[in-house]
Every structure is written in C-alpha cells, then in structure tokens.
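Working notes for the structure below.
Labels A, B, C and D are assigned to the chains in the order they are written; within every chain, residues are numbered from 1.
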Amino acid sequence: MDAFVLQVLNGLDKGGAYALIALGLTLVFGTLGVVNFAHGALFMLGAFCAVTFNLLLNLSERVEDPNITAFTAYIDQPYLETWLGDFGTQLMDYSVPLSILFTIPVMLAIGLAMERGLIRFFYKRSHAEQILVTFGLAIVLQEIIKSFFGANPIPVSAPDTFVGTAAIGSLIGLGEGVAYPYWRLIYLAFSIVVIAAVFSFLRFTTYGMVVRAGMADRETVGLLGINIQRRFTVVFGLAAIVAGLAGALYTPILPPDYHMGMDFLVLSFVVVVVGGMGSLGGAVAAGFLLGILQSFASMNEVKDLFPGIDQIIIYLVAVVVLLLRPRGLMGRKGVMET
Amino acid sequence: MMITRSPRHDMMMIGVFALVVLTMPIWLAPFGAAYPDLLQKFVIFGIMAVGYNILFGLTGYLSFGHAAFLGVGSYSAVWMFKLFTMNVIPAVIIGTLMAGVFAVVIGYVCLRRSGIYFSILTLALAQMCYNLAYSVLTPITNGETGLQIRPTDPRIIDAMFLEPTERVPTTTLFGIDMTGYGGFYFCAVALIITFFISVRIFRSPFGLKLRAIKSNQNRLNYTGINTRPYLLIAFVISGMYAGLAGSLLAVTDPLAGAERMQWTASGEIVLMTILGGAGTLFGPILGAWIIKYFENIFSAFNDGRLHEIFSFLPDTLESIAVGISAQFVGEGWHLTLGLMFMLIVIFLPGGLIEGFNRIVARLRPGQARRRAPAVEEKEAS
Amino acid sequence: MDTVVLDVADVNKNFAGLQALSNVNLKIKEGKTHAVIGPNGAGKSTLLNVCVGRLQPDTGSVTFDGEIITGKKPYEINQAGVARVFQTPEIFADLSVEHNVMVAALAKRDGSFHPHAFRNLVSETAIHDEALAVLEDLGLKRMREMKAESLSRGDKRRLELAMCLIQHPRLLLLDEPTAGMSRHDTNQTIDVLKRIKERGMTKVIIEHDMHVVFSLADWITVLAQGAIIAEGPPEEIRGNPKVQEAYLGGAHE
Amino acid sequence: MSLFKKEISRRSALKGASAFAGSAIAAPLVFSKGAWAQEFLNDPGDSPTVTLGFNVPQTGAYADEGADELRAYELAVKHINGEGDGGMINTMTPTSLGGNGLLGKRVEYVTGDTQTSADEARSSARRMIERDGVIMFSGGSSSSVAIAQQSLAQDMGVIFMNGLTHSNDTTGKDRRRYGFRHFFNAYMSGLALGPVLADQIGTERRAYHLTADYTWGWTQEESIVNTTEGLGWETVETVRTPLGAGDFSQYITPVLNSGADVLVLNHYGRDMVNSLTQAVQFGLRDREANGQNFEVVVPLYSRLMAQGAGENIAGILGTTNWHWTLSDPGSQAFVASFGQEYGFPPSQAAHTCYCQALLYANAVEMAGTFYPPEVIRALEDFEFDGMGNGPTLYRGGDHQCFKDVLVVQGNPDPTSQFDLLQVVQEVPREQVTYPVDFFEGELGPYEVS
C-alpha cells in the first residue's frame, strides 16, 4: 500500500511536468496550427532562466577574508549579502521560486520573438517544413546554451526550508515509510495551479474565449473582424511561459543541461498525441496518465512479470491508445490527419 | 509536370548519375571527402534516403521509425556473418528481407492511422525496438556494445571451405575485401540499382497513385482505389531500402549497434530528405550527402586547422576569424547544422533541388516559363 | 421497362438527435437524370454520403444494380460503378490535369490493385489517349499540363467531372455541380451534362439552381427536414404547393 | 575501375586510391619501406611529421569531458614535441622521450567527434585512418564507444589507446591486441572499494542496487555485488533502470521500504547526477535503517559528475582513476602544466588521455619504429612510474593497466568547484590486481594483413 501511494505520487509529479510541457505544445498546435519541435528547447530555456537568475543573485565581489590574517586570502562576497544582509542570504536561498519572476518576462520575450521572427512565416507551410525549421531552431538554441553553460549538468538547489521530505504517511494514516520530498510536492501543486490558471484564462476571459473559438474554427473567427493574429502571438508567448516555468521549477529535481529539451521533446509529443492533438484537457489527462503508468511499470513486481516494460511503457500506451481511439483520448476529428 | 519522361531520357539520367557516383573518389578529393568510410556512408545513406523518399516524398506519410529497419538490416547481416559466411551476398539479401518482414508488421499496424498519428505510431514502435535492443534483447543484439564479429564465431559455410585464422575475418565479395574501396563500389552499384528502381516507381502508375494519396486521399477513395495496400507496399519498399542500407553498413563495417535505431537516427533521414527536396528524385540523395559531409568534415575541424586556414590573415584578424569560426566547426558543428536547416527551410522551402531549379531558371530566362523543371520538377508544394 | 439502378430503401440517419434522413425511399432508373432538391439542411448531402459509403445509415439499405452496398467501403462502391462529384471540388491538387484523369482511368482499369501499376506510365498510351479525349470533350485539353490547383473553380469542377466520366460509371452522383459558377460556365456544364445524358448515363443531381434542375432532370425528389415531401416529373413539382411552402419555410430560417 | 582486376587488400586499395585521388591528402598515404622493412598502414616513412588522431565526444552529454580530453591531448602533443614545460615527461621513469617529437618527426594531430555513439566514433576514426593517415588514435568517454573503436583498431592495424572506459569488457571479453587501457575498470573499483566500505560503513549491510541497463552497468553491478557479498553484505535487490531515465523517483521510492540500508548507484554521467540528486532529495541520507545510517555509494566517480550533482555528493563514497590533488611529482607536474595552460585543474579523463598519448609516444621511442607490432610489444608488460597512481604495469596479457586506485568521498565543504572530492585512500596496486585469465578473452594477432 505504501509503495502504491508513493508510486502514485511519483506518477503525479512526473505527470505534472509532462502535462505542463504538453499543454503549451498542444495550445500552439491548436491555435496556430504549428508543430513546434522547439518546444522542448523552451522547457530547457526555462530551466536555464532559473540557473541564470541564480547566477545573478550570486554576483559577488572579491574581498579580503577577514578570518585569515596570516596571508591575504580572498573570498567571494555576494553583493546581495553586502547590501541586504540576512535578507539577501534569504533571497539567494529562494532563488528557484523567485526565478519565476525572472522566467515569466524572459520566456514571454523569447516566445514573442520566436513567433514574430520565425514561426509566423510558417503558418501556411507544411507540417514537415514546420518540423524542420523548429528542429533547426531547437538545435541552435541548444548550442547557444551549450557555449555559455557547457554540456555538464548544473546543480540547482531548492530553498533550505524545502529540502527533505514530508511525512505525509502519518498525515493520511499510512506508515512512517510514506515520505515525499517537499520540493516535489510543491512542484506537483505548482503544476496544478499553472494548469488551472491556463484553463481559467481560456475559459473566463474574453481573450481566452476568442482563442478557444479560434482553435475550433479559425476562419470564422477571422471573419468576425477580430484580430486573431495578435491574440495568437500572445498564445505563443503563453505557451513559452508555461514551458519555461515547468523547466525553471524542475531544476532542483533534474539538474539542467543543454540537452534536456530534446529528451522531453519526443515524450511531450507522445503525450500530446495520446491526449489528442489540439485538445488541452487531453494533454493534461494524458500527461498524468502516462506519468502514473510509467511509475507503475517501473515497480519491481511489474518488471519481474514483463522484463523491460519500464523501457517501453510510454510507447506501448501510445500505440494501444492510438489503435483503439484513432484521435487520442480527447482528439477532434480531422486534426492533423492529412 | 514531368512525371512522364521518355525512357531514353531516364536512361541517360541514370547513366549520368552512375557516372557521378562511381567517380566520387576523384571529384570528392578536393573536398577532403574521398576516403572509403565517408564514400561508403554517402552511398549507403543515399540508398536510405532514396527509399525513404518513396514513402515520404510520394505519399506524404512522415515516418519517424525508419531507423528501426536500418537496425534490423544491420543485425541480420551481422548474424549472417557470424553464423554462415563472411560473403556479403547472403547478408545483404537476408538483411533486406528481414527489414521487409518488420516493415510489413509495423506498416500494417501504423497505416491504420494517418497524419501525425501515423508519425507517432512509427516513432513509438521504433523506440520500443531501440530500447529493447539496448537492454532486454542483449542476447541477440549484444546491447550497448553492439554485435561484433569474433574469431570464434561458427561461420558454418566458411568453415567448410576456408582455413581458420586467428584474426577476425573481414567481409568479402568472393574474395574482394568489402571494408575499403571495394565496399564503396559494391554499395555504389547498390545505390545505382536502387536509384533505377526508384525512377521506375516514380514513373509508374503506382508512383502516380502514391502521389495522388499525398495530394488527396479522400478523392482517391471515391475513385475506386483502396489506398491501404498501396501505402503498405510503399512502406515495405522503403523499409526494405532501409534494411538494405543497414546491411550495407554492416558489410562495410561489421558491427551493429542499437543506437542506429534511435529516433534521432530516423530524424536524420527525415532531415536529409526534406533538405534535399522531398518528392524529387535526386534531392534526398543530395541531402544525405550534405548532412554526412557536415557530420564528418565539419566536426573534425579544430583550432589548429582553423589557424592554418586563416594563416593568410594578419595575426589579430586571424585570431578573430578563428575565434568566430570555431563556434561553427569542431564541437560547434551542430550549430552549423541547425542554422543550415533553418536557412534552407526559410529560403528554399522545396529543398536544395528547388534552389538549383531557381538558379537554372534564372540563367535561362527564355525557357524558364515553359520548362521550369530544369534539374527536376518539384512535385509537391 | 426501366430497370432500377439504385434503390434507397427506408433509410434513416440520425446525428446526435437530429434526424437527418427519415424513411427515405428512392429509386433511380436506368438512363434517367434524377434531381434531388430541397432547402439547406434538408439532408441532400447526407443522402449522397449514404449512397457512396461515406456514412452508414442507422436503418435501411441501399441497393445498387441488384446488390446491397450498405456497409461497403467507398472504393468498393466506386468499383461497382458509382462515381461522385463533390460540392467543393475534390481533385489531386498537386498533380497535373491529365494525371488527375489518368489516375481515375487507371483505377477503373486496374481495379484496386494490379501489377500493371509497375509499368512505365509512358507506355500507358491507351489510357493517356483516353484521358486526352475526355479532357478535350470537357474543354480542358489545353490545360492538361497545368497543375490542377492552378485551375479556376469552374475548371476544377469540370476536371472532377472528367475524372468521373472516364470511369464510365453506371451511376453518376453530382453534388451541386454548378455551385459558385458564372452563368456562362453553368450553361457550359449543362451542355456537358446533356451530352452525357444522351449517352444514356444515369445521374443523380443535387442542385439549388432551378434553371439547371429543370433543364436536366427527368424526375425530381424534394427533401425537407430529412423526409421526402414530394416526387414527380419536373412540371408536376413546379406546381406543387408543398414544395413552395418548404422552400419558403426554409427561407425563414 | 582497375581496382577490381585482382583480389586486393585494403592497403593496396588505399594506395591505389591515394594514387588517383591525388593531391590534397596524399602525403601521409605514401608507402615506403621503413627502417624495419615492414610495410604497414599509415607508415609515416620519410615524412617529417607523424599524425595522431584524437577522437573525443564533442557533442552530447559527455561533451565537457571530451573537451577536457582534447585539452590534455593538445598538451601531450606539445610536450612530446618539446614545447611547454614538458609535464610528466620529466617525471616519468623509465622514459625514452626526449621532447623531440616521435623518432625525430614532429607530431601533428587531427580531431574528431565520437558523439558518444559507436557508429559515429568508428566513422570518425576511419576518417582519421583512411584520410588523415594517423598512426595511432585515442580518446572516448564510454565503454561501448571504446570497444567499438578497439575492434576497429584491430581490423585496420592501427593502435588505439583507450580514453575513459570503465567496463570490464574493454580488457575482458572484448580485449584486443591493438587496444590499450590506462583507466581502471569496474572490477578494480569493487576490489578497491570493498575494504574501505567495510571500514567506513561496516560489514552488516543490506544493499540495494540501481543499475544502468546496459553492459557497463551490469559488469559494475556484478563486480560490486561480488565484493560486498564477500564482505558479508546482503544484496536486497538489483534494479535495472533505462538509460537516460531523467527522473528516477519511481526507482528510488521502493528503496525506502525495502529494508536496505545502502543504495549503490551503478550509473554514470547524467544518469548518476540525476539519480544521486534525487536519492538525496528523497531523504535517503537522512534516514536510518536497521539501526544504521543509510548510505549511498557511487562506485565510479568523476569530478565533472560531482560538479553536476553539486552539494548532494557530500560524504558519498566511490572510486576514481586519478585526482588532481594527488601529491606525487607526476601528478603535480601534470596539474601544474595543465593549470598553466588552461587555468583550471585537469579531470581524470584528461589525465588518462594525457598518459595514454605519452605512453604511446614512449613505446614508439622504445621500439625505435612506428611498426605497430613492435610498438605493441614495447607497451606490453611495460613497468613505469611517475605518471600519478604510483608504480604502474601495462599488463601484456590483457592490456589493462594496474596501478593504485583512489577511493574518494564527496567533499562536504568544498572551497571551489574543483575541490569536490577528497581522497579517502589510495588503494595499492597489489590489492586491485586480478589474474590475467579472470576474464576470458582473446587479444588476437600482432600482425594484421
């Protein structure tokens, strides 16, 4: 039972990340009709936003070490500590959650620049060309990051308060053994909040309603005289922010490196397709579903029955779902079938 | 539209193509690419791209799983070497056929869907093959290390005719060594034959119907054609091309690793095809050559080489030039590749072949209007 | 005696509570031109879709040439001898005009699949000549090498018609063959269809343009809200008050 | 093509090719009879230069490691050519190197990208051999790539000096006459780690293994299981994890309630960084099980990985081939000249690659020829000292180097990003030496036609 609960948590946590990435991907596809192979790179850029922000907070000056008097030793004194004292230290400790404030504008800018500078020229082009150009872009972005940060993963730590595990077992009446890292719980909660925010934005604002209408029938909405183009640009920015946030807060779980986007790219496409191309609810549902299935497939009991099942479970689910439900879990007819 | 060309024209075209391929060791020398390994890769990936083009170029079905067939071809070929003989003929035949069998199964499943759903199905099945080959199927694939030839392999047929040796034997074609230039010419002949077959397919009613599938599958249904068998045949043919390419990889270098089945390997084939021009006869081959050239030549540049290249410049300029260009070669060669994809798709949506056509059309303004397809017609928009 | 080519018997079709077709019975007679008219949303296109296998009826059956075709795939129904022109032209936009027609001719000759498919196209002279003849007939011959997508809307329709005609179908279904055409093009199309009629090809036409309907039809069926409200020769339908009411009622929607 | 007239060997094909390919690249391919009158592939002959090939990962997850390897090679070439401060040439004993190139020829080099893929590595290596005419090639950062290149070396008759490869197979069942490994292996890790583990965390332990699901992972798991069970440990479970799993949480949570009190991570590179980071996150280090502190062991460490895992490595035990803080003169000399050249200390990958280049060069000087069988004979059973890790033997029977192995521990209080590991113990060579026939394998012949 304990193991079961833990695997559900693992699955939800993983699923949160999958869902956030897939959400942006399917949003861009549904509104702009663009297959964005650079979406994984946006996730990676988000993670490096957190890294950069951390570096910024840690900007230091070289000062003489007052503790060593035998010879002149230097230590790095972060400016924040000099200026703000303990509060500065606190700020530095909270660099990952605070990086949200940095990630949102940066990712918005990147998203808008991408859409205006490149993607918009590809609305009318074939999916194959969209794939090629965005794939090229993904490589370029990745190589730029590599030339600044190297290929090695970069460790990022969660705030001290959230290091360690929460004894949720005793909370819900299970054994002491059921403990789960605080940061992963925060990530799960955060992903649910972001998903809810995106959904309510689309459902309750007029802006979002236009976008949703556009997803359903682009031509008609265009005919209504609404400048759908500008709104779609914003949608792209929104997708970039969601992917970026997913990446930024994931850094304490997975030390980021320049290649992480590619690793998530295939996975997020599988999630989107299993959910149904262009279906937001489908992407979220499929994200959590695949996360949980992956967790269960990795359990020793399951692996003993089907050796190697954890290697292929995601793909196996994709094949089965697509054969049973031609358009994924919640897909609409006619989307991306030609 | 120049799908129909006179057979004489086609034979001339194939003749020129054969000449170009067979003389590669000469005309590639100034580019630093005339050494057996790269020449072999050029022709082998040429075959791969020609085959992929039969599926993607003609029907528009974007498969992300062709690397799996490449891998199956390689593994089968190496097993033939290990079990029976180092002669390449059985290996190539069995490699191609095994890939065909896999293609029938995978194609039958995947072709139940179209569009991106088809792409993801192929991707999923191919990734399953890769992941299993890497881990659970290690007894068959030798996992991470890759399947290798060992002196102790049985080689039943060879054992009957040849003296056993201590060293690891090399692949041969009735005594001709297949790992060097011999292998290149063997693969080149295979490329010419497969190119010829591809031309025949392009020019046939079958090819025409495949194009019709790409253009409007719905109409085709109401025109009395069941598209499924056509698609399956195209899928299997291109899968067998991939299997042939895979077995030739094993012929020229008898080692088969799981990584050549990964989705990135499939992606590379897609990029080759689109880069050169999907749906054109030469485009995919050209794309394959360019990507392989970049991968092998650009990645081998280092600072020392760059300093030699820019040594004609004054010292300060030289170091600036080296500093800038070092970002694009050696460890930065991926950046060049990414930029190249973007530039070509942005400015030459039909691939490089379209670029050639534009240039030729500009050079011959009088004929441009009537005979736009100078090198070759770009069929798809 | 007129033989019945197509027999639609008691067909019902329901879309999420909306009765698109209710108890439709239709007999199409050999060699006749049969028009189906009715206001928008009357179920005309649904009826055609049921006939060609795109939709399956909830109940009832469609018999073609004595054989039940409900449940068959579109390509099987086409192979049996039913060709269809769509409301918006469905052509092979990337292929040349003559290749569009040749695909149809090859499909007719080779069936669903035949080893002929691996011959060289150049040697298919008979098919090519036939294609040119049909194109000439429809006035498209001089455009034969153009890409189909570059044709005008009217020419695209004619091309689609050519693709159907080269198959010599026993039954030709036309979904608004003149919609969106200029008067001139419409008249030309009427001429073509009349010529086809002279050759004895059975046709079903769905049409809004009464000028077209009354110039071509031997028999008219009027659909409204999924049900047949009237049936008869043109002159009878013209005076039928129920029909007028249905159309007027439709105009209010 | 006249090439098909009669049965031809690869060499004459190459010769023919260079004859008609002509110009640009012909120079290194010209064949002439050397002093030993043997004909062999890529004989530099009378050319004033000789070319070495350095094949390292420049793209992909190990790109940083590859970059460091390349730096080391460049430094080694400088030192062999008599430039710079000479580095380990000054400390190596015995040495035949005089800082005047190789047999009087100036050393040049070409580079390539293995992309950490056996196919690409072989492709790149063949470019070096076939086009650039290298007499030796070296490098790499994973075992499959090393094994693939080593078998290519045997086929082509060009010596390959392994870079970073830790699998038992490299000098075990896949050993080759033309391949040499300076790096230690998983089995030696186990032998070295065992006593230290017993010493530091006791003999009453229950271990849970997470293992990368491919050959290297399996050999390491096997070696560590054997050693620890010899100590009296119990192995609770061994679980295989897919390569590049990213998030390992689903493999880590079952550890919590398994009754184990040690987690062994048989992972390398990014997998190790991720699994370790996440294991620590799940509070494994803060737990107590069976009345003891829960411990995590990472049998193979590298500084770059430690850097990736950050503060999570504090106090975690593992082994490494070499570390820049070693105080022997050889290590000091190397660190000094590397640091001077690049401004930071070298990694163990850099060290092993630097040594390999020097060892090859030295063997050539000892043999007095580039003829590979003679060079191989010079390297086989070569005893030397002064290159870090104390007295070292290049064993002839399997081409494995035997030297001291370092057991290290993550530094709980690092002063810089290079100060992440501290050496717990230098396990002497005798303790990690195993019989030559412990693993079965065939080196193959000296002469390849």
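Quick note on the criterion: contacts are C-beta pairs under 8 Å (C-beta built on N, C-alpha and C of every residue); 3 or more make two chains touch, one makes a residue touch a chain.
A quick note: this is a predicted structure, and the numbers were derived from the prediction, not measured.
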| item | value |
| --- | --- |
| Minimal step count in the chain contact network, subunit B to subunit D | 1 |
| Innermost chain by mean C-alpha position | B |
| Most widely separated chain from subunit D, with each centre as the mean of CA atoms | C |
| Distance from subunit D to subunit A - Cα centre to Cα centre, in angstrom | 36 |
| Between subunit B and subunit C, centroid-to-centroid distance (C-alpha), Å | 45 |
| Subunit C-subunit D separation of Cα centroids, rounded to whole Å | 74 |
| Residues of subunit D touching at least two other chains | 63, 67, 213, 240, 242 |
| Multi-partner residues of subunit B (each touching 2 or more other chains) | 131, 134-135, 334, 380 |
| Contacts with two or more other chains, residues of subunit C listed in rising order | none |
| Pairs of chains in contact (touch as defined earlier), listed by label | A-B, A-D, B-C, B-D |
| In the complex, subunit A residues that touch subunit D | 2-3, 6-7, 9-11, 13-14, 17, 146, 150-157, 163-165, 175, 177, 179-181, 183-184, 252-255, 257, 259-260, 263-264, 294-295, 298-300, 303, 310-311 |
| Contacting residues of subunit A [partner subunit B, same complex] | 35, 118, 121, 125-129, 131-133, 135-140, 142-144, 147, 262, 266, 269-270, 273, 277, 307-308, 311-312, 314-316, 318-319, 322-323, 326-328, 336-338 |
| Contact set on subunit B toward subunit C in their complex | 1, 3-7, 200-201, 203-209, 211-212, 214-216, 218-227, 229-230, 379-381 |
| Subunit B partner contacts - residues on subunit D that touch it in the complex | 1, 3-4, 7-10, 13-14, 16-17, 20-25, 58-59, 63, 66-67, 70, 108-113, 117-120, 122-124, 126-128, 130-131, 143-144, 147-148, 151-152, 154-155, 169, 174, 213-216, 240, 242-243, 442, 444-445, 448-449 |
| Touching residues on subunit B, where the partner in the complex is subunit D | 22, 25-26, 29-30, 32, 34-38, 41, 131, 134-135, 138, 142-146, 148, 150-152, 166-168, 170, 175-177, 179-182, 185, 249, 253, 255, 257, 259-260, 295-296, 299-302, 304-305, 330-331, 333-334 |
